[in-house]
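Here come two complexes built around subunit A, the first alongside subunit B, the second alongside subunit C.
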Partner chain A sequence: MSSLLDSLNPAPRTDAIACAERAEIDRSLRAPVLLFFVSGIAWLLLGSLLGLLSAVKMSMPHFLDSADWLTFGRVRPAHLNTVIYGWASSVGIGVGIWLMGRLCRVALRHRGLLIAAGIIWNMGVAAGTIGILAGQSRSIEWLEFPGWATPVLFIAYALIGVWGVIMFRFRQPGHVYVSQWYLLAAFLWFPWLYATANVLLIWHPVQGSVVGAVNWWYGHNVLGLWFTPIGLASAYYMIPKVLGRPVHSYYLSMLGFWSLALFYSWNGMHHLIGGPFPAWMISASVVASVMMFIPVITVAINHHMTMRGHFDYLKWSPTLRFTVLGAMTYTAVSFQGSLMAIPSLNAITHFTDYTIGHAHLGLYGFFTMTMFGAMYYIVPRLVGWEWPSARMIRWHFWLSASGIALMFAALTLGGFLQGLELNDPEVSFITSVQIVAPFRVVRTFAGILLMAAHLVFAVLFIRMLLRHGERREGPTLLANPASPEVSTPAV
Partner chain B sequence: MDAGILLLIAGLVLLSGSALAAFAWAARDGQFEGLDGASSVIFDADETMREDSDCFPDAASRAARDGAGGHA
Partner chain C sequence: MNRLPLLFIGILIVFSTSWLGLVAYPYLKLGHLQPVHTAKNGEQPAPLSPAALAGHNVYAANGCIYCHSQQVRPAWLSTDIEKGWGPRQTVARDYIWERPPFLGTMRSGPDLSNIGVRQPSTAWNYEHLYEPDIVTPGSIMPAFRFLFRVQPIRGQGSPDALIIRGPDAPPAGYEVVPTEEAKDLVAYLLSLKRNYPLPEAGGKSP
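Moving on to the complex of A and B:
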């Protein structure tokens, strides 16, 4: 009956036009987004290998120490920077570009600008990594790339920022969705952070204890004002989109965004409690850290209430399984961060593996998991092919989830015990070192699990690009849902 | 005064100003009004509410083109 009525009306169907427009937007985004994804995965593999090597060296200091470039002092910062700028930033930019295209509802403008930015960005990361391994690290945490490499990254980023402004300027009229707010803010905040830190630490270096203040201001904010907004933008899009139901409370989502914008940038100084800084500086940071409960609780309530009654989707949707785990971890890591700002707890956890565990939970448990979820949704729409293996997705999920859980548990527990020993004047320093030794073995094992997860994902991604396997008519699901949208190979 | 500090202050003024300008623009443009319907802007005629959209785009395109419905 429906098709008969359609035949009586020769006008094109509205949904067909919308579908064609959406397909055109996805097509226009394909090359630059895939460039950032492919390079991001390559950096993820290298960064994981360097991280694993660093973890092994924590237990076996003489492992592969015959060459200068393989010593701990070079491998560890190379791991940090390849993961932050090579993997996390690249995949974040890729997801951000795709979301901006979708939410602005216009085909990509100036594709060449983004491709050039992607190439320059990767050249900058490669040059910086080689510089660190060659012994030119600047020994400023998260800013170890040599001074001559950072302008390259900044130029690349400037091109991306300009593109973001142009896309927003030419978007379709209508409401600016909360994910767009987060992305626009991230695109503006990162160059501010990066340029300021480079000016004050490298080009016109400040002196004395101010170096520590600027370093922690940058290190903390790059997580909270660069990676966090991109991760939340993705979660705010993916969860409602996959479920087919709007976010629980849009009021809360706006409150969450503006309160993050207001409070987060003050947080970094809580890492310097007890340090040689003005008391007001530390106090303001502690207060702002506790105020972070507001945006975190709003996001947690919103995501939970959006999912309520639909948790069975986690059984079979790869996108949701990764994204929801990432969103839940965001709540956990943010609560932990606020509690770490309380001086009595900070006195124990400071200078220990506990802080490393916190950073891994944020960058991996929250951000990386959210990005994996986004990629499971985005890539089929760019490649025009469905993920070839649900089994490999399951392996990817369980290896990465168990790997980060084990790593976080080992670092947190080991770090806490280490802190108790460090604070006990009756205990010798070497005892505080020996007590974390078994936890560092567990950390290495967790690193092996993560490395395996990344290899599985890389193979899956390559198969996807090569359109390997049988053509499927529906999404590759982890298990057969009750609904009829079951992934089956086309006959 | 040190050139770096001047640069930092200029950057702070610029970015704080742009954040305020963004907030003012959002208020003037009505971005804080009608928030109840705002959450549904991510859905389209072919990627609708009440249907999951985690699906292969070609299948959705074909379904829409053929008028067969299906999940978009």
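Moving on to the complex of A and C:
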């Protein structure tokens, strides 16, 4: 029984040896993880700026339109690729490696190689982004980086992924925690995805509509089998860790993991409903998308039952506030995704801003929020310093949360109206453009809120690295806890 | 779940089902389609001309795909055909000459599956790319002026020069001419006519 309990708890031991061991692991991970975090935040700022520029251009088409590299069709994919590969993947790798180290209880050896991998990864993202802006994109969504930049990313990734798997191989004996399943799976799935997509789409392009199938098998799986497992691994770690209580159910964890692996991997074709493909492929993806209710509800119950009776922690723990909002958004965005795959609804929302709203809710509301939460937990342990300003954390939270909520609301409502007009054969095409126009202005305003949130976070992060302010006794909290015993170091 | 080999193999096997179904299967089934030969119309779809192929690259480089789809969905699912995007649904064979095809996921702008049928005029397409608002008022398409040159008029002037009046007109003594890239792009756009009959596509022939 005690061994089963161990498997539910991310780190049950609190004795002095365990503390020293954790400090040793954190020291070994410090440089590479911080490298991924710092470069990730830099890409987040650039990516947000590119996104904002794209948003403005949809309302003011003549804004900055004289140079070819600033045209909408180049800035928009540059936005997507910098936030996907520059921000989300970098921070995900940083969080993933740190969680692997802590959960496997092994210090990182030969960290020079991991640092080199981080530098190569960033060079690849920079080269690819320049390639897109210079007009080298092949216009395959999520894979716009030119063929001479993607191998750089793959080499960097190979070094990182091998490290994750080796860490797992040399883990200390004991139970394997649910976060480790997700991380191991993500580290194995990503290279398979990326290699397949690169070979079949860029280096040896396949014929015609096969490109579409491979493209969305890749695009959707990057979300579902790379970002989602990392986000869930982090939530599965942070929630019980901050609360100091085990995850609700081992069996639900297991069901959630395997059903995600099976159903999510088949989702891709729901991006091409009505497209030039055999009907069974589309049907399989529609069914798999609806079946996603199983892993999503399972994980939601598991997280909710773990949180139950402890929601007051959201008032003072920055880690938990970001992570729980992210986890709740995961449930919401997945429900929405399942419904969007139903053909009659898809016929309206497909090809509209509604889809853009869904994508941002997933990658920002769920993944990015979860990663912010993880960073609020991890960075103090790497830097040996507490966050210098609770006020800045609050600003960061409320700007991010209100920005994504407003963006989602504007794109969802505007996109739905746009879809109704697009499907009405009686009205001219331009009606669909006009009806969504005011919502696009609101979206741009929401983008400004997000940009502001990221600037606040970037400044706070720099202050943290410089160890600004006075040394604090306990962790930086957003409010004073109601009961004194919660102010353990694990917040 | 502590047995590493089981976890490892499970992770890979479950994932490989989708790889077989959504990657390997379409590659084997759709990856080697041939055009249809008819005595009356020759090869259908017809291969792209060299200029249209070069224009395909210009289309990719400037990200037209982020606003324009190129797929007509079937009538049981959508109103695409009634809306005028094409006389029939598009099928896999329509895209065999394009690597990659630009199926697209957005319609911030109109579908372009049959733009060569709807707007067959070269001059219209040049003007539209130079300043979309002139020919389609209210358009939010960016102007692609970097695909054109403004040059002094010599002699009779260039035969390709755009006829532009109003505030977007070039200064007196100057003319706007398309660059090679603009010519290729328009050649590609004019080639987009997915209205020929195909046995698997159904629908009306033109």
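Operating definition for what follows: the second predicted complex is superposed on the first by the 470 of 491 C-alpha atoms of A that agree within 3 Å, B and C clash if a C-alpha of one lies under 4 Å from a C-alpha of the other, contacts with A are read in each partner's own complex, and residues count from 1 in each chain.
One rule holds for everything that comes next: a residue touches a chain if its C-beta (ideal position, glycine included) is under 8 Å from a C-beta of that chain, and two chains touch if they have at least 3 such contacts.
Because the structure is predicted, anything quoted here is derived from the model rather than measured.
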Superposed partners subunit B and subunit C on subunit A - clash or fit: clash
First, second, both or neither for A:Y377, with subunit B first and subunit C second: first
Contacts of A:V206 with subunit B and subunit C, given as first, second, both or neither: both
Which of subunit B and subunit C A:W398 touches, first, second, both or neither: neither
Partner contacting more residues of subunit A (subunit B vs subunit C): C
Partner chain(s) touched by A:A195 [first = subunit B, second = subunit C, both, neither]: first
Touched partner set for A:D68, first subunit B, second subunit C, both or neither: second
Touching partner for A:F170 - first (subunit B), second (subunit C), both, neither: neither
Contacts of A:F311 with subunit B and subunit C, given as first, second, both or neither: neither
Touched partner set for A:V433, first subunit B, second subunit C, both or neither: second
First, second, both or neither for A:A261, with subunit B first and subunit C second: both
Residues on subunit A lying within both footprints (that of subunit B and that of subunit C): 175-176, 184, 188, 192, 196, 200, 205-206, 254, 258, 261
Of all residues in subunit C, those that touch subunit A in their complex: 1-2, 4, 7-8, 10-12, 14-15, 17-19, 21-23, 25-27, 29-33, 59-67, 69, 71, 73-74, 77-80, 82-84, 89-108, 110, 132, 136, 138-146
In the complex, subunit B residues that touch subunit A: 2-5, 7-8, 11, 15, 18-19, 22-23, 26, 31-32, 34-61, 64-65, 67, 71-72
Subunit A to subunit B touching residues, read off their complex: 2-3, 6, 13-20, 22-23, 26, 102-103, 174-177, 179, 184, 188, 192, 195-196, 199-200, 203-206, 237, 240-247, 250-251, 253-254, 258, 261, 313, 317, 319-320, 377, 380-381, 384-386, 472-475, 483, 485
In the complex with subunit C, residue positions of subunit A that touch it: 57-59, 61-62, 65-68, 71-74, 76-77, 135-141, 168-169, 175-176, 181, 184-185, 188-189, 192, 196, 200-201, 205-215, 217, 221, 225, 254, 258, 261-262, 265-266, 268-269, 271-278, 281, 284-285, 343, 347, 350-353, 355, 422-425, 429-430, 432-434, 437
